[in-house]
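Only one structure is covered here, and it is reproduced in the block below.
So that you can tell them apart, the chains are marked A, B, C and D in the order they are listed, and the count of residues begins at 1 in each.
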Amino acid sequence: MSFRKQKRIMSRAIGLTALVLSAAFGTTVSAEDAKTQYFPLATFRVGAYASSGIPAWAGEIDYFRYINEVEGGINGIKLVWDECETNWEVEKGVECYERVKAGKDGSPVPIFLPHGDPISKALTEKSVADKIPLVTIAYGRTEAIDGRVFPYSFPVVFSFWSEASSAVNFIAEKVGGKDKLKGLKIATVYHDSPYGKETQVLLAHLAKTYGFEDIQIPVPHPGNEQSAQWAKIRQLKPDWVFLRGWGVMTPVAIKTAAKVGFPVDHIVGGIWSGSEEDVRPAGAVAKGYLAITPFPAGANFEIHQKLKKYILDKGLSDLKDPKSFGSVYYNSGVDEAIVAVEAIRTAQAHFGERPINGEEAQWGLEHLDLSEKRLAEIGATGLQQPLKLSAKDHEGGGAGKVLQWDGEKWNVVSNGWVKSDRELLLPLIYERAAAYAREKGITPRDATN
Amino acid sequence: MSFFVETLVGGLLAGVMYSLVAIGFVLVFKASGVFNFAQGSMVLCAALTFVTLRDKGLDFWLAALITLSVMVALGIAVERVVLRPLVNRPQITLFMATLGVSFVIEGVAQIVMGASVHELDLGIVDTPIEIGGVQVSQFDLAAAGTAGILVVALSIFFNKTRVGIALRAIADDPQAALSIGIRLQTLWQIVWGVAGFVSLIAGLLWGARQGVQFALTLVVLKALPVLIIGGFTSIAGAIIGGLIVGAGDSVAEIYLGSLLGGSVSTWFAYVLAVAFLLVRPAGLFGEAPIERI
Amino acid sequence: MSAIGTDAIEGFGTTGSTAQGTRDRLRVGSAAVLLATLVSIPLMANDYWLNAILIPFLIMSLTALGLNLLMGYAGQASLGTGGFMSVGAYATYNLLLRLPELPLPISLLLGGIISGLVGVVAGLPSLRIKGFYLVASTLATQFLLEWLFNQYGWFSNYSTSSSISAPRLAVFGHDLSSPTGRYFLTLATVVVVTAVATRLVRSQTGRTWMAIRDMDTAAAVIGIPVSAGKLKAFFVSSLVIGIAGALWAFAYLGTVDARSFNLDRSFQVMFAIIIGGMGSISGNYLGAAFMILLPILLDHVGGGLLGGAIDAGQLENLQRALFGALMVWFLIKEPRGLAALLSRAWTQLASCFDR
Amino acid sequence: MPEPILQLRDVSLSFKGIKALNALSFDVERGEICALIGPNGAGKSSLLNIINGVYRADSGSVVFNGERFVRIRPAQAAHLGVGRTFQHNALFRHLSVLDNVLAGLIRHCRATMVEHAFGVGRDRRESREFNRRVDEIAAFLDLTNHRDRVVATLPYGIQKRVDLARALVGGPSLLLLDEPMAGMNQDEKQEMSRFILETNASLGTTIVLIEHDMSVVMGLSHHVVVLDYGRKVGDGSPEDVRRNPDVIAAYLGTAH
């Protein structure tokens, strides 16, 4: 290499370093009085799961825009947001969190949405230290429902345990009552990861309670080959399969089930196995497949008409593929945005109509009451279940609707929201939270304030 | 017993799918000594291009033809832009370079064609059929048939054509190959082109099997132990290796998995591969060089 | 035959090459300045710099150092790095949990030693398998370990998510849980390990490794214990990587499960040492900087220049493609890694001073 | 007369069915310089490889210092005192001359890895002692000026001397030199011959060498063994061999 060339490379390297320094130090927060509410979005637009994320951010951003454009912000406080790419990896998620946690231009971060089960788990303790609530809708640690031990983790709406319990209750609905569960064989085919294993303990407990046989079949990540698992299903002949997949695992499961002749209308997918993105690649054989979800699909909810009128039709939407309007993931984004916005509204009612910081938003979340009436005002009746949170209950809802794929779209087939056995679940959850508190040396908060 | 046979047959047929990806590796490794980690991205790229064209309403064969040209061009481009400047570098550097290439392919493919998932329907019915009391997937049989045809076609190519013979020769002695009168670089381009073709076939079959999505790139991880067992330089080895890995994985998942708690197929094939290597340090069909000092 | 399958490895640095007084003084001087800067950084930097940039950068450098001992010095390429990191992390976690009376540094060291012993077992095939087949066989270690920690709850004390999180980090009564505390824990570990590793590679042990790397048959003929040398390299390398893994878990992330130490991590580390410079100590830092800082830089620059102008998804994909292209570009332009580039820069600088 | 240092008994070796060595037997006396000559492919290097265990003979045995071996391992041979240089450059090419020669002392190293890592215990004393020995050898072979150079950057002739230094520094009782003067010019050859003679005379090292240049061989060696296609065709003093008609037919007669 010539001398001059070396010099050139060196000078480029120096220039690059200078850029890093300026870029990274440039994010410091100014102390001015902010008039906006900052909402950082951890997204994953590249990598193996991008396809599921993209419609979800669209739903979320569209709702934020709707609040800004139509309602003029939350009580006049406009929302600002920017994105940080996580690739759905823990390390990048932590980097994003650290990058945004101090707020932006004096505008504080009220709530962090980690968008990823492993990321949320890695941030559990950091969020307590920084006093920023993590809202994890339909993922995250189940025992974080106990807000006395996990003050800043909010597995709002539908935890994995509620998911499993509701799925069992749906099966009971189909076979004619909980007493008919006795003697049934229910096989859970799960993604072999902490997420997939989270429901094992609970299902064993429910099996004992209701007398069904609990079969657990792991599928190793990524799940693109499942002939052995479904051969086993064929041998064991379960009555129902509860499918807790993620990513490519779900379509392969549906296809392989069809391959071994297992009826897909006896497979109930979990939250993360129940979107258009999960069934469409499976093609025609997915017809009849069921899935339980807190985010019912559909574009006919009242809020969707408003979103269409004020956002989509005006070309303001973040959605690139209009087909996804009203899809499960789009609606999950809308749901998440509703919860976040309402929590801030609740906090504003208490602390004043100004930007809310993390500590105040935590109060807002713990006093959030999304009643039927309020949901009707928002236009989310049927889309979002009623929700009432407290320090002892960071979940609130705990019910899901069951959808069935007709080859083109999802249709709700359950009788409204299928509730989980929360009275059965909560003592177990509190027990596990207490164990966690003991291990970590945490003194649980007093739940009365 | 029939359960065991079914598991075994299912595994063998899945193994053929791994072989399809492994063959792409073997071709490139044999000719230019590069372990092409970007093969997985090429499979994704092929499938994604194909379904995007089909979604635009193109005829099946026209879409296949255009995709084929794209893949061949991609293969040749990788050879020219990346590997030619890296000639005579250590294998591990070349390997890392192909890792970089896979980032580029994945990024650009998704910029151009988006990240959504697609269904890919090849029109192969997939209802199970019974053969002698054993349930077999029609799709898997068709895939195995395709793999068989591919192997036969490739062996005719390598044994009967002038280019093919030259390609076999360069694996042994690049100088000797030159005497046939074809430039080494031309040969490399041809091989990369053929590798592009093989990734098209693998992309179509894998895409039909699991939908066209990013996770297609992960099939590489299943192809690796196939290569180790079969040897990096043998197409026959890739097929035999695929069958061993497929059958081994399935049977292990059922029988060993119930002992150890499942998911043993994440490592079983690799441990099996190491066991094979300890007996034959260059794979079943690979040749270990004689050490001279 | 060298162990990585070709003699054309030009990427290796050398010890004791042409001694140039000015140059060496410059290097030592600037290393001292660098160290002083690193020590004083917490005075200026915010949490983001410590938590998201400096701590992972230092730990990645340490991991790269560990792999470089094995691959750059002893010539045994491995993709089991993530696996050894997880052994270190889980072993240290269990030591802290089950033997709380042990001081943190001892637990870290013991965790590293356990990882080292696993490394020796994983290194056994290297006595028979060479070159690229060895790389492939280390994948077995990687996948087996990832599975092991995900599968058996004992390792994570039966936590629901099979993840482990740091017990209270403290050394002799000083709480190290703050970002600054974790930063100094990391920095101190990195400095000590680097110093010991530098000594080791210049000793007869290091010479044994380099002899095996350059010409293993000749090494055997002149009486160098080749098998023992390889296994020692696996031990020391895995030990260092294990310590790095424990820091990754506790000083950086706080809570991890085995997926943080997956194959992607192994690739990342291997790439760091190839881009940084094999057989070079400073190369580990440069390579780690490339792998950790460059994507963040691209993100900041991309967001700053193009944010809003193009679709967010396109931007992310563009960054990924650009990072891949830069990886390839550096491999083509600088065969001996960034360390060689730096070394030439020193020579130039020294000649300016001498004039 | 004392027992020979090295005795080969009916040693045979083949590669993929082709005989490289065919029932070969000869003795090397203690303290002599023995030359192995013969055309290319005669099996000379293979023979050295058998003596220090790189290859394993198909049949026959090697007796070294009175001890009989069917198979000897390279490390074992080195520990018994067999030194070796190589026909093709087998130096540690990315290391300096100093490091290459120091590597020749690794088998004498008693300090453990931990002592190396922390520079304690035997490490300091050993490295002082080793450096002294390397300096001695470097001075003896006139390598002092190149001490810190990376070997890959040195001229071929000097590399050959580094190879010799690396073999010699460990104090072998038997030294195997595989074409130590290949590719050298006349001056370099003379210089190398002088080093070999001095090694033999001052250190008393027995030397077995392979060399093609007959004038060098005749001037250096006490004993010459001639190989042709894996068979021994001559064995005796340089004068005897020079007069042996079989040898003339097989080797000396042909231009090389």
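Criterion: a residue touches a chain if its C-beta (ideal position, glycine included) is under 8 Å from a C-beta of that chain, and two chains touch if they have at least 3 such contacts.
Please read these numbers as outputs of a predicted model, since none were measured by experiment.
Enquirer: Where each step is a move between two chains that touch, what is the least number of such steps from chain A to chain B?
Expert: 1
Enquirer: Hey, which chain ends up farthest from chain D, C-alpha centres compared?
Expert: Between chain D and every other chain, the largest centroid distance is to A.
Enquirer: Based only on mean CA positions, could you tell me how far chain A sits from chain C in angstrom?
Expert: Distance between chain centres: 34 Å.
Enquirer: Can you give the whole-Å distance between the Cα centres of chain B and chain C?
Expert: Their C-alpha centroids are separated by 31 Å.
Enquirer: Taking the mean of the C-alpha atoms as each chain's centre, how many Å separate chain A from chain D?
Expert: The answer is 72 Å.
Enquirer: Distance between chain C and chain D based on Cα centroids, please, to the nearest Å.
Expert: Distance between chain centres, rounded to whole Å: 41 Å.
Enquirer: Among the residues of chain D, which are close enough to touch at least two other chains?
Expert: 54, 86, 90
Enquirer: At least two partner chains per residue is the criterion; list those residues in chain A.
Expert: Residues 45-46, 50, 54, 192, 220, 320 of chain A touch two or more partner chains.
Enquirer: If I count partner chains per residue in chain B, which residues reach a count of at least 2?
Expert: 106-107, 110, 115, 261-263, 266, 291, 293
Enquirer: Over in the complex, which chain C residues touch chain B? Could you list them?
Expert: Going by the criterion above, the answer is residues 1, 4-6, 8-9, 11, 77, 125, 128-133, 135-137, 139-140, 143-144, 146-147, 150-152, 217-218, 221, 263, 267, 270-271, 274, 313-314, 317-328, 331-332, 335.
Enquirer: Which residues of chain C touch chain D in the complex?
Expert: Contact set of chain C toward chain D: 7, 9, 12-19, 196, 199-200, 203-208, 210-211, 213-215, 217-226, 232, 236, 279.
Enquirer: Please give the residue numbers of chain C that touch chain A in the complex, ascending.
Expert: Listed in rising order, the residues are 46-49, 51-53, 56, 147, 150, 157, 160-163, 165, 168, 252-257, 259-260, 264, 293, 296-297, 299-301, 303-304, 307, 311-313, 316-317, 319-320, 333-334, 341, 344-345, 348.
Enquirer: Would you pull the chain B residues touching chain C in the complex into a rising list?
Expert: Residues 35, 82, 85-86, 88-93, 95-97, 99-108, 110-111, 115, 221, 224-225, 227-228, 232, 260-264, 266-267, 270-271, 273-274, 277-278, 281-283, 286, 289, 291, 293 of chain B touch chain C in their complex.
Enquirer: Enumerate the contact residues on chain A facing chain C in the complex.
Expert: Result: residues 1, 3, 6-7, 9-10, 13, 16, 19-20, 23-24, 26-28, 43, 45-46, 50, 54, 57, 82-85, 89-91, 94-95, 98-99, 101-102, 118, 121-122, 124-126, 141-143, 192-195, 197-198, 201, 220, 320, 432, 439-441 of chain A touch chain C.
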